[in-house]
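Report on the structure given below.
Order of writing sets the labels: A, B, C and D. Residues in every chain begin at 1.
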Amino acid sequence: MILIQAPFLNLQALLDGLMVGSIFALVAYGMALVWGVMNIINVAQGEYVILGGYITFAVYKLGIHPIYGMPFSFLFLFILGYILYRIIVFRVVDKDMFISILATFGISIMIQQFMNMIFGSQVETALTGFGTIFLFDHNITLALVKVFSFVVSIIGAIAVIYFMKISKLGRAIRATAQNARAARILGVDTEKVYAYTYAINAGLCGLAGSLVAMTYTLHPYIGLPYTVRSFMIVIIAGLGNIPGVLASGLGLGALEEFSAYLIGQEFRIGFIFSLLVIILVYRSKKLAKKREYLK
Amino acid sequence: MKKIIVTFISALALLFSYSTLSFAKVVGDKIVLGAAVSLTGKYATNGEHTQRGYDLGAKIINEAGGVKVGGKTYQLEIQYYDDESNAAKAAALAQRLIEQDGVEYMLGPYGSGLTIAIAPVTEKFGVPMVEANGASRALFTKGYKYLFAVLNSADQYLNSAVDLMAEKKKNATVAMAFEQDAFSLDVKLGVMDRVKANGMKVVIDDALPKELNDMTATLQKVKALKPDLLIVSGHSKGAMTGVKQITDLKVDVPMIAMTHCDAAAINKNLGGGGDYVLCAAQWHKSLAYKDSFFGSGKDYAKLFESIYKYDPPYQAAESSAALLVYKEAFERANSFDKDKVRDALAQTDMQTFYGPIKFNAAGQNTSKPMVLFQVQDGKNNVVAPVKWAEAKLIYPIPKWSDR
Amino acid sequence: MKDKKEFTAIIAIIIAGIFLPSLMPVYRVQLSELWIFMVFASTWNIQGGKMGYNTFGNILFFGLGMYICASTQISYAFDLAEWTAAGGVKTFVHTVKQYFIGLPLGLLLAGIIPALIAGFLGSLILGLRGHYFAIGTLGIGIAAGEFATSVSIWGGGQGMTVPVWPKVDGQDLEILGGGMNFFYYLSFVLFIITFFVLRWLFSTRFGLILTAIRDNEDKAEAMGVPTMRYKVSGWVVSAFFMGIAGGIYGNINGYIEPTEVAFAGATFGVYMVLMTILGGKGTLWGPIIGALIFQVFKEFFWTFFLGWQLVALGFLIVIIVTFFPEGIMGWLRNNKPEWFGEVIDHKARLAQVKINTDD
Amino acid sequence: MTNILEVKNVSKFFGGVRANEDISLSIKQGSIVALIGPNGSGKTTLFNSIVGTHPIDTGSIKFEGKELSKMLVHEIPPLGLLRTFQQTKIYGQMSCMMNMKISKKVSNNYFKMFDTLPKELDDEAELILSFVGLYEKRNLRAGELSFGQQKLLELAMALMNEPKMLMLDEPTAGINPTLINGIINRLIKINEKYNITLFVIEHNMRVVMNLAEHIFCMAHGKMLADGKPEEIKNDKRVIDAYLGAH
């Protein structure tokens, strides 16, 4: 068992996991937000991420350092999200959540196709030229770009929480999340709140995307893993538990990394989903003792 | 209720009428070849290379006077569908091309998995298919009669890399990571044979998921176990991700071998990160093959670049070659009867810019060797087989600390 | 949708089913697919429509059925491992006898095993409600695909081929006009059986209780209905027919691949939901109409919108779910309630409750 | 006369909140008993405890000598103990007739699930619907009925199930006042004709006084007092509880 042969790998796996997890966490924030506030599961999440990545990549192609792509990605997706809300999403807000899943699925495959037409189907990546850092005389290797993206996503995450706490819009969003009708009565323009919530979500995805562009590779059709994981993270954290998202995001990342060592990389997604099912069943069985159920 | 039914009867009727006016195998002076390629989905990159290869081939042949059958000259035309890199879709589209569009000569899709999906269909209808991108060995063991592949089977891709390693170092250790798909698993078969034959030891044997975008775990193991040879196969995504993360993590391995490096253009896109990587290729422009349409490989490359603005990967070249094969077969058969054409194809024995093409009983082109090139400061230089080598293999790969 | 109309519709479908392949032979594949899709939608409707439990997991039974059927067909005559082993050197040919014993056997198992699995999984996961159930089933569906990718006996990521239609001295065996027709009629018959079984089920107490569960599960329990038993049984029925559908589809397609053909959640898994919603959830006819419309649309897109077909499809999806969440039948029910045996004379609405205490 | 329902020292806490604390009561076979008390005094919680909506923390609940507290919700009605809800629960998408028909009691034999509904049910359902005065509305979707009408429908559905004992949670709430006498009359008839024991939560004192032969009064999750209507009427503690003293 390699993890025992090379004990340093455990630490290595942990760190790698945390760094992957941080990006997923950032995406999950958006999802948790939209889910909690509008009761919509946004399946297009992954596509937003990749699109954000392509924006950064486009900037990089102009010969600008990809770091400066981050604001562009964020803004572009923010605007796109706002538009999409005004055109499509608002129609499904108060409908059955299942409807929203399908609607956003429709959006996602459209975006895929458009990305394929605009950016082509080449596998792309944006080079940062950041170096690598070695710890414990070369036993631990960290790509600086990953560390960078880790820091950025953590900052982003904290920024979101802070924003929710202090800003006027943030408070409006929180109020709406707790009780939309009450908020409406108290004069909150929930439509506006929804629109911005969705836009912010898209923006966050965009930001995460530009990190992905720097850290991993881009392809119009690899959005799914991001959707899937952010999904998991939110479920584990439990709805409306914004701070918990960060924890469960990092945790999941680490867990996944270890699973890659223990049961093999090809099982990553399978593992995640089995885990999801097990968690759900376990929780429902526990509630069943109290004669309640997950709802 | 009734209204709805009526609408859809009429809708069906419309589809129906469409099919009737759909063109048959040969219309006027056009020979229609059918192809389902991946314009979207996970193979879209190489699907595009394939399509461009086909288009270029048809263009050149047509400009050179087209195909002469029975004293009359015909133009080649290709009808495409998009299989979305999806096996189910590919099979369905093959059905459609043959049954509804009356196509009687098929070109292959991109990728072994999709070719495997289509082959049973073409067999069923007895429609010849010349395919240029289905390398899986499984294709040539099912006794298909109408399948012809201009390329070497996947199990030969990286064999020479393993042999090179064996020359350099006795009982070397090997680390490998293969995507879980028809092509890569087949490459693996070949590699395993050579590894055994050379008495090497496999220290890492990872399987990569189909939606792979992260190989960190594998590479960290590599760092820990320090194998002599690292083999990665996962289409363009695999090559790109692999090199990218090898660079990020500064993984030092004496020899690295991959597939699809040129499709992913790792020599250009990764700022030197791709240097020293050994790449398996069906074809390389520097090879000294020639034909009367494209001239030499270099000419083909120049032509291709002038149109599509990038260096042709072998996926494009072999696709173009497929059309040369068809032209030649049509003219020898001097008929459009698909069985006559099939027999003519079986007789094929020709020289192309892409290499000699001669099919064995299983419809596999055996007369052409694979080549192995190494990325050397941004250029793909052939290093094996020795007959074609334009540069010396650089071994071991210099440590990152000295790069 | 009362008797006379329904009767004519059924007759129309049966006649169409029998004669279409000879009318437009080139469409046999799409037509077989159409019947299969109708099975998809109709069975999904048991959960998503009748019971109000939106599942993404039914594709699991489809995929299982496909693999089980194929492997039974093969291993009845040959060694499965040898068959799937990549680059196995010898070629396998089924004799007529082997083929026609293996196939029914395969289809049977393809129905039964998934049904059993559904019974087991159901008892675990049907305790979840609302979107948690949807998510849980989604998990099962995708996980299954991922794991199938590494089941080497099934060829793993390489997938496996299905036995070819047997030949008699070089010529395709002529039963019902060869393999294509044979499987066309197989899928047609499957649909007809499914249809009548569901028609009967929905007319029984079972069907009504499912609707009750959708409307108010707590009430049903408070009235002493063991809802779990109903929910699980419902899933078992779906699984049974999905499994057989899978077995047939595998043979039509000729090649089985884990995530794209068998456990194709992203395509079939979504289609079955769309078709049902488009036609109208919770009705017997909705899914069928939905499937018909959807299949026609789909074929149009793939024929006329090459390169844009996904955009078109995505657009269609958005339109369907945002503007017709009730579906066609839902629309009909609101506009022609009498078709559904609901007498809505205005009098009844205005009628006052009167209790005559002098009896 | 034997006790059909016996509740002994039942307590139910939600976190720190003592919804029911050491409640004991017994109800005679065939009687009509009312449970009163100010809002939030734990009446409905007690109902829920009895029919097993949530497990109780301590105590025992016996129905005809059978212990209920360990049973699941759907296991209790077959014994003949049924409840209606304060917030009506009906099958909104189905017609009233359907609501009635599927409420019919069936044996728990597995294959009974697949029986088709016998024709006689229609007559029975219509009879009971007219009994509660919903005959004209039998073909409407239950969801279209007003709150009060849904209450009546729920009552009818309960009757359809032929219970031995019926627990009604505010049966007259939201019902047109002119009908209340009718309801009272109906409830008494149910009690006599079908010999169904009634256990009623009610706020409307007029109903309670005309209906019940015995009254329990709860306050702050505790059993405050019980006795004949007139005793309760003059019981100081009860009056205080209602006027919110102490």
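Just so it is clear, a residue touches a chain if its C-beta (ideal position, glycine included) is under 8 Å from a C-beta of that chain, and two chains touch if they have at least 3 such contacts.
What you see is a predicted model, and the numbers here were worked out from it, not measured in a lab.
Farthest from chain D, judged by the mean position of CA atoms in each chain, is B.
Distance from the chain B centre to the chain C centre is 36 Å, each centre being the mean of its Cα atoms. One inter-chain figure worth recording: chain A and chain D are separated by 49 Å, centre to centre, where each centre is the mean of the chain's CA atoms. Rounded to a whole number, the gap between the C-alpha centres of chain B and chain D is 74 angstrom. Of all residues in chain D, those that touch two or more other chains are 73.
Under the contact definition stated at the top, the residues of chain A that touch 2 or more other chains are 112-113, 224, 264, 266-267, 269.
Listed for chain C are residues 146, 149-150, 307, 310, each touching two or more other chains.
Applying the touch definition to every pair of chains gives A-B, A-C, A-D, B-C, C-D.
On the chain A side of its complex with chain D, the touching residues are 289-292. By the touch criterion stated above, chain B contacts chain A in their complex at residues 39-42, 44-45, 47-48, 85, 177, 180, 206-209, 211-218, 220-221, 223-225, 236-237, 240-241, 244-245, 248-250, 264-265, 269-271, 273.
Those residues of chain D lying in contact with chain A across their complex are 52-55, 72-73.
Contact residues of chain C toward chain A in the complex are 48, 54, 124-125, 127-132, 134-136, 138-140, 142-143, 145-147, 149-150, 266, 270, 273-274, 277, 307-308, 310-311, 313-318, 320-323, 325. Listed in rising order, the residues of chain C touching chain B in the complex are 1, 5, 9, 12, 24-30, 33, 86-91, 146, 149-150, 156-159, 161, 164-165, 179, 253-255, 257, 259-261, 264, 267, 289, 292-293, 296, 299-300, 302-303, 306-307, 309-310, 328, 332, 339.
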